[in-house]
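Only one structure is covered here, and it is reproduced in the block below.
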Amino acid sequence: MKNKGEIQLRVRYSETDQMGVVYHSNYLNYLELSRVEWLRDLGFSYAELEKNGVLLPVVHASLNYCSPARYDDLLRIESRVSEMGGSSIEFQSEIYNDRGVLLVEAVVRLVCIQSGTFKPIPVPSYLRELI
Amino acid sequence: MKNKGEIQLRVRYSETDQMGVVYHSNYLNYLELSRVEWLRDLGFSYAELEKNGVLLPVVHASLNYCSPARYDDLLRIESRVSEMGGSSIEFQSEIYNDRGVLLVEAVVRLVCIQSGTFKPIPVPSYLRELI
Amino acid sequence: MKNKGEIQLRVRYSETDQMGVVYHSNYLNYLELSRVEWLRDLGFSYAELEKNGVLLPVVHASLNYCSPARYDDLLRIESRVSEMGGSSIEFQSEIYNDRGVLLVEAVVRLVCIQSGTFKPIPVPSYLRELI
Amino acid sequence: MKNKGEIQLRVRYSETDQMGVVYHSNYLNYLELSRVEWLRDLGFSYAELEKNGVLLPVVHASLNYCSPARYDDLLRIESRVSEMGGSSIEFQSEIYNDRGVLLVEAVVRLVCIQSGTFKPIPVPSYLRELI
């Protein structure tokens, strides 16, 4: 079992702003990609989960922006599960550029809900075991 | 009956890129806002339409970028229906800044489809009459 | 002196995701609009600030997502300065829908930096006095 | 010399809308990624070009949306230069999903301009030769 996932991704032009750096909301997108790709590595598809009626919306996010990412930077994102509740999963992540500089540290908490009702449900056991 | 709609909107920071101007894909978002607000002026809610199972995806878009919009610019967007087909509606639009400079001219064609099947359906008669 | 700013804004179609609600990163954009419009009400233009070589990037953001916003919802955002440091300004905000439901509560901290060097500088006195 | 570039990219959750498909403006972002990666394959960095004071904004875009992309789809994008003017470069592209279905066909025209003045300049000879 891996307890840490890691992805690389390249900053897109559309993600920069006129300050010449990545606009701050985009890091939340990067963090999601990191979580999804890690789950894929564990043999688990988030898209499949949704087809089975389970949604995983974000209920809390906290980000420290330490240094800016720039256009065409190749970022490395590390994520790990830092806490499991009955219905919730919390991830801790760091985003680095390709010179190893820490850009963002973040905590994101998700909650399992039923599509349709949007009511919290327990984390599915197959997902709980994987993590 | 109005045959022309007009809205104003202000450029957001997140819509700029490191060139210091609005990133080109954002104008498609602006054009949608223009169509939706015009319909609202006609007493017609796009959100309601979707709740009734009718979707209006874009099937064609053509844009000429004449001059760039910048952060905090107050834009004026004019849109009018330029063609009605059995299932499709075509809008012609122009985007101006607050000094009257033409920034973008665009043609966008939408098609009415059934949610669920995604099959084309005739433009609903209440919408056709409004336009 | 107003110690609270308030704006209204309508959810755009492009801001929704396939869960049928606003994608979570977009609230950071909404919060920025709230800060900027409040400053404008105080007679202060963020765009002008940048032209004078002062940037105000976000260095920390913390968000609790309580309830989802949906397409075409008319949101109300309240923001107030909750802390002033030497170089930093912290805002506390709440986002409500038009039925008064609390959607998001957030804290965002900005830091004044010099464009070019990206080094922290004291909050300009004219801004400090306004706030 | 390659006269065709090809990339793969995966649809992000944030790029979907409540119709359950990719929001139409995002394809313009995908097309840019395709152009940039192709140039990178040719040994040419768009980021470097900008550092040398040459910008390549989009002046025209025309898109036919044939079929929708969905969350987590692995897209394939083909791009080729379809026309070279004195200052302009036109790309023709197609976007396919991983079942080979054509989703979008597009023409995008860029123009070389001088950063600072934003005036058109001839396509740099090293770029012209590469293409």
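Letters are used for the chains, namely A, B, C and D, taken in the order the chains are written, and counting of residues starts over at 1 for each.
Operating definition for what follows: a residue touches a chain if its C-beta (ideal position, glycine included) is under 8 Å from a C-beta of that chain, and two chains touch if they have at least 3 such contacts.
Here the structure is a predicted model, which is why all the values come from computation and not from measurement.
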| item | value |
| --- | --- |
| Pair joined by the larger number of C-beta contacts - A-B, A-C | A-C |
| Distance-maximising chain from chain D - centres being C-alpha averages | C |
| Centre distance in Å when chain A and chain B are each reduced to the mean of their C-alpha atoms | 32 |
| Whole-Å separation of chain centres (CA-atom averages), chain B against chain C | 27 |
| CA centroid of chain A to CA centroid of chain C, Å | 23 |
| Contacts with two or more other chains, residues of chain C listed in rising order | 13-14, 18-19, 21, 25, 29, 50, 71 |
| Arrangement of touching chains [line / ring / star / complete / other] | complete |
| Touch list for chain D against partner chain C, complex | 13-14, 16-21, 23, 25, 71 |
| Interfacial residue positions of chain C with respect to chain B in the complex | 12-14, 29, 32-33, 36, 45-47, 50, 71-72 |
| In the complex with chain C, residue positions of chain A that touch it | 18-19, 21, 24-26, 28-29, 50, 55, 57-65, 68, 115, 118 |
